[in-house]
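What follows is one structure encoded as structure tokens, with my remarks underneath.
Naming follows writing order (A, B, C, D, E, F, G and H), and every chain is counted from residue 1.
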Amino acid sequence: ARCGFPEVIFAEGKTVDWMVGIINRLIGADQDVFATRVNEEQASTFARLYPQGIQDRIARTFWLPVVTERKTPVGDVLVITAGTSDLPVAREALNTASVMGVGTELIVDVGVAGLHRILSKVDRLRQADIVIVVAGMDGALPSVVGGLVDCAVIAVPTSIGYGAAFQGLAPLLTMLNACSAAVVTVNIDAGFKAGYTAARIVHRMYRSEKS
Amino acid sequence: ARCGFPEVIFAEGKTVDWMVGIINRLIGADQDVFATRVNEEQASTFARLYPQGIQDRIARTFWLPVVTERKTPVGDVLVITAGTSDLPVAREALNTASVMGVGTELIVDVGVAGLHRILSKVDRLRQADIVIVVAGMDGALPSVVGGLVDCAVIAVPTSIGYGAAFQGLAPLLTMLNACSAAVVTVNIDAGFKAGYTAARIVHRMYRSEKS
Amino acid sequence: ARCGFPEVIFAEGKTVDWMVGIINRLIGADQDVFATRVNEEQASTFARLYPQGIQDRIARTFWLPVVTERKTPVGDVLVITAGTSDLPVAREALNTASVMGVGTELIVDVGVAGLHRILSKVDRLRQADIVIVVAGMDGALPSVVGGLVDCAVIAVPTSIGYGAAFQGLAPLLTMLNACSAAVVTVNIDAGFKAGYTAARIVHRMYRSEKS
Amino acid sequence: ARCGFPEVIFAEGKTVDWMVGIINRLIGADQDVFATRVNEEQASTFARLYPQGIQDRIARTFWLPVVTERKTPVGDVLVITAGTSDLPVAREALNTASVMGVGTELIVDVGVAGLHRILSKVDRLRQADIVIVVAGMDGALPSVVGGLVDCAVIAVPTSIGYGAAFQGLAPLLTMLNACSAAVVTVNIDAGFKAGYTAARIVHRMYRSEKS
Amino acid sequence: ARCGFPEVIFAEGKTVDWMVGIINRLIGADQDVFATRVNEEQASTFARLYPQGIQDRIARTFWLPVVTERKTPVGDVLVITAGTSDLPVAREALNTASVMGVGTELIVDVGVAGLHRILSKVDRLRQADIVIVVAGMDGALPSVVGGLVDCAVIAVPTSIGYGAAFQGLAPLLTMLNACSAAVVTVNIDAGFKAGYTAARIVHRMYRSEKS
Amino acid sequence: ARCGFPEVIFAEGKTVDWMVGIINRLIGADQDVFATRVNEEQASTFARLYPQGIQDRIARTFWLPVVTERKTPVGDVLVITAGTSDLPVAREALNTASVMGVGTELIVDVGVAGLHRILSKVDRLRQADIVIVVAGMDGALPSVVGGLVDCAVIAVPTSIGYGAAFQGLAPLLTMLNACSAAVVTVNIDAGFKAGYTAARIVHRMYRSEKS
Amino acid sequence: ARCGFPEVIFAEGKTVDWMVGIINRLIGADQDVFATRVNEEQASTFARLYPQGIQDRIARTFWLPVVTERKTPVGDVLVITAGTSDLPVAREALNTASVMGVGTELIVDVGVAGLHRILSKVDRLRQADIVIVVAGMDGALPSVVGGLVDCAVIAVPTSIGYGAAFQGLAPLLTMLNACSAAVVTVNIDAGFKAGYTAARIVHRMYRSEKS
Amino acid sequence: ARCGFPEVIFAEGKTVDWMVGIINRLIGADQDVFATRVNEEQASTFARLYPQGIQDRIARTFWLPVVTERKTPVGDVLVITAGTSDLPVAREALNTASVMGVGTELIVDVGVAGLHRILSKVDRLRQADIVIVVAGMDGALPSVVGGLVDCAVIAVPTSIGYGAAFQGLAPLLTMLNACSAAVVTVNIDAGFKAGYTAARIVHRMYRSEKS
């Protein structure tokens, strides 16, 4: 829980009992709980044991705020997706940034095959402190967005696609080779990492004093 | 020389003597000569032996028209590139289509990092019978072009780029996964194949009678 | 629904409810519905809700014509397969081209291991405006077909095969390296893309006036 | 030259004449010139033609400030390397961020095989607004640094190494899988991209007003 | 059973009956039985048939000591893991070394993202004859440990991780490229091989006479 | 020199002196000398020192028969190539089989893009005891030949091609996945292995008695 | 059914009904039936419908001899495996060669980790006309066998192994690079291809007259 | 220079001046100098400046003992190679272990294609404390050696080979999948790492007291 951020639990491969043990320990220590990659079985148990918890079944996240005083969110992290199937990864990014106290907004299905969709959002894009772009298949959207904004773009390749998409390898390579210079990339389907890094950057932007 | 197209010689890995032998045999048979992947040594020899030949040192092609009656070019093949470094491959495509009797035009450096460049060409793009899109690095341009036109797009990945571009693998995968549905792809740096296929399609479009 | 083509829905990964929502919206807008990659659960629901719809359980497509005036199909797209197992991908290509108003025909199991099979079809092949060749394992058929016809060949690698076929990588590479020059390639198992691109090309061939 | 940044020229694969043409055009337009991936031949010509230009033969960059009024650098971008061989890529990052008006500092050879080296720099690391970590071979340094600081880490894999380093693939994969959550990655040897993105982030941090 | 080590059975892909046959034959020959990669069905059957056997359901090993005189363990093999999910592989290594008569100890979850964890164990690490380091994702821990100790490090990459971890390829490459020179590597998830090799080395260390 | 075959020297990476030492030792022992992958420098030295040796500068082989009594060649190994660039590999195969006392013949440039070429050779193909098929790029020829003959086919992929041929990977995968069942494959450019194996098979066919 | 061999049906991916249709058609045509890759459901149906058929549940083959006059098997194909898990692939090879009228024998579990096992079989190995070597994991056995015999070796990599075995890629590459020159390779798990090719070679050996 | 070992300099990519600077600094500090991957230019300069230094032009190492009191070498590290081309890597391993004060011996060209070669060395192999096995191409030798000895085997894949050896990938995978359990692996061509790790292990074996 460095710098007041909640401890984030990676639920994948953990038994329900194991998870409950970790959560109870965090609650006992008056710490917020945030878990990613929560599966169906874990989610139902949490729903029963922690009815006040906020579940996002699409993002597969679980959020249990324990700390009572909560700061107003700062900054503006915009998460956008190329297709509707990229939604789970996008919402993992969004929820992660949100629970870390950052202002967030989501725009879905603005891929480059219909360019008018992203072009109609240019004004909104230019307001953001950081844009997280989530895309599978060709992974072309971050290259386009990077040319439309002045801030940094965090690109998240997804495993959406088939055949030569090779479980996300294709968009990963596209993003690493983005012809726009301000695009940085995270692991395939790593919405969490994009949201977490964006939040770190935004918090540094909105510190009261500068170093 | 099926269907009146010139015999195309792949010069790579052939000695100058070998090439000259093939060329003289074609001239003797009153056939047009077109060679691709011509290296410096071959080009200088051809310049000396066949001064009437048309050399494109950037495209690395050699064109020696022998047949005297030449038909007016038909159709409209538009070749566009994402960057200036893609020019050699683009001109290989263009020259191939041209010597096969097809109308061609070239637009260079309209990659997606500066979207206004391709957007300013939309009217021209929509006139084309086929658009050949040549791009390295992220290979994102065909996805965008495929969404702007009604015709088919032939995408040519190039080996331009470094690191995770992996000698053209990155744009190849991008193009195979293009989110625009009318994008078909050829081998890395295969300008010749794109130009040749485009010419075949256009000639079928402009036959006097339909089957 | 650009250029009067139906909106094509990619059903993979979409819930039944989600699909039904999209379909009803299209019907409400008097638009044709065509879906690919339909799974068993989706197909049964559609069968119940839209009994007039045309299902192809092998191709995994769903076709619900809504527009009442329908133009006579134009052109001739020939789809051929190397083996019988390539049938689902081939029929996805065929159905896509068909619903886009193009004349289509299918020839199955004419792979190169028994060369007489494809040789006996040469006359039919030479009539086609475009040949779509679907093959897995060695992916050798498009190279042979490209040498037999004067039109363009769209090659579709399939994930049929085992071991070093690597889920379609082997035929994909074969096709990208086809020694016949007029072969262009789409993604592994991307029957839809082949059919869609073929239809675009054919419609341009059969426009009343030329640009 | 979006947002007052100099136009950056990618010199690789461009002839000397071509480069000089671009540079003179920029000078004529009263714009700063910054070039990366400058080779020996280009560098000597620039030294002769533009003696006032600043050359970094290790980083392979060329910097020709034309604009006369120059703002005080803002922020603090720290560039660190695992080994001494990573220096050229690190200095490309550093120079890029510097010419974009950002404060920079370089620390070399603090790889994880001798952990005391990075541990002795922790206080300095914690002051930075962004840390750029450049490493080849195992690419392990960003994982360690990400756990020591509160800001974001931009990881740059280099092609330093042999055998199973596969020209930078090994450190690239390491960085994409960094167990520290605030690590984002750029292409292999892409010092330019890291420096450029860091500068964009820092400039947004030091805008006078917040959005 | 070379050099008094128990015969080790690789249970994966063997039917329960087949396994029981092998075990009974070994018991009949008064030999110890040790099996790795035991699945649930095999484990339950063994629990019923050989209640005196020692099962490790996490490591998926089964240990049935038959030989009655047992030597005191020699040496000190330390097994450490980067994350908690690496536990099964670590315990396979530990159990293998143990049944081969070697002293072992396990330290879990000391990955490099929180460097204090491994630093607090340095004294213990320096006592070990061999350190086995088990890590997935970035696989960075062996590089760090190799710099902290004077003995050899056997690195075991695990398939823990997602996306560009590529089922353990990422940590495997990291470990092969470890910047610490005394790191040797085994196959992905090959806890058995690491434990077995460590035991061979330790037994040679503690022979009564030297060759 | 098992079974009376000459010792075959792999010249690649050996110095001229080293090679001469080996050759003189073989001559001293009254053994035939056959070397493959001979470079220019080695070849000129051999030409000077052993003028009676038979050099094939295209195949890069060197043949120095020492044994005086030579048996009549037996059997019929047919080597065919898809393109003219495959010639060096094909002649390495041919020369290897020849020096091992087997009857050989070569047919060049009968690739599948012009199917009439291979079809016109069917009668000759059907006489062979073994057919060695050498092909680069798509590697499609062995699949076709395997369906035309009753004997076994040894396929040799070559590194001829560019882009997604990946230095012979593409034809290698094609051949491993050949839809004709009697195709076996050797390493990329391994003409020697194909010729050697063919010779072993043929010698077993023509033994006086059968086991 | 070229050259009197039975038509071989590849059962994978075919429905039971489809298979039964093919089998009945072959029976009606008085042809032998041999199927590979038969799954459980197909096997049970065949057991019921064709009780006289010979099923090998381990090899997953089905053999229904229909032709009544059967020639005495000729020749000697020896199939050997490195481990016991390679048995299914080995028996597919063995059964295929057997139904094609060739003499066969199987030796299991003689991998190189215990070299005495293969050494004790050297006399038997040297009698064979062809040795088929089946191995997964390191795939080292064919290299050893190739040095022990005078005949050709057909190597079959299997998908047995884990981690960096990459589903058979590791033994495939080993075999293609075998340091013994008379090793040829087939696809991963392609027991059928090995058996089929071996049978073709043996039949040519035992023809009454030589060409 | 941890634990009295000489500082090892990785000369690759370092200028001669840079190297001389490092060496003089070490000499000034009364420390031994050992460098690996020394190129021709570096070696000639060292020969002139440090005539007392010991150069191995095949191993590409440079050894300049400065410390005057030298301990008697302990232990027995046996380095063996499959082929003669593996010699440089083997000698890098050997020299590294030697300068670290360990007893070493080298056996060359005992690859598995002629099994008698390694079998004739079994007694010698069984005396060693550690065997380092260096092999390219199929990389099969460590699997065989691991089954013949009771000590650990360190396997070093080399980039010797062509085609599907993929610059050492093939033997690397073979070694990681070695069917002998006591084989650990280092990077391709990493003779240094093998020698260094072997020396660490041996020094721990021959400490006067045990922990």
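Basically, contacts are C-beta pairs under 8 Å (C-beta built on N, C-alpha and C of every residue); 3 or more make two chains touch, one makes a residue touch a chain.
A quick note: this is a predicted structure, and the numbers were derived from the prediction, not measured.
Should one ask which of F-H and A-D has more C-beta pairs in contact, the pair is A-D. The pair E-H is the one among D-E, E-H or F-H whose contacts match those of F-G for more than half of the residue pairs.
Mean C-alpha positions place chain G and chain H at a centre distance of 42 Å.
If each chain is reduced to the centroid of its CA atoms, chain A and chain F end up 57 Å from each other. In terms of their C-alpha centroids, the spacing between chain B and chain C amounts to 26 Å.
In chain B, 163-165, 169, 172, 176-177, 181, 187-188 are the positions where the chain touches two or more neighbouring chains simultaneously. Listed in rising order, the residues of chain C touching chain F in the complex are 82-83, 111-115, 119, 137-140, 143-144, 146-148, 161, 163-166, 169-171, 173-181.
By the touch rule above, chain D contacts chain A in their complex via residues 2-3, 8, 75-76, 127, 129-130, 150-152, 154, 172, 176-177, 181-188, 192-194, 196-197, 200-201, 204-206, 210-211.
Within the complex formed with chain C, the residues of chain A that make contact are 84-85, 160, 162-165.
Chain C makes touch with chain A in their complex at residues 12-14, 157, 159, 167-169, 172, 187-190.
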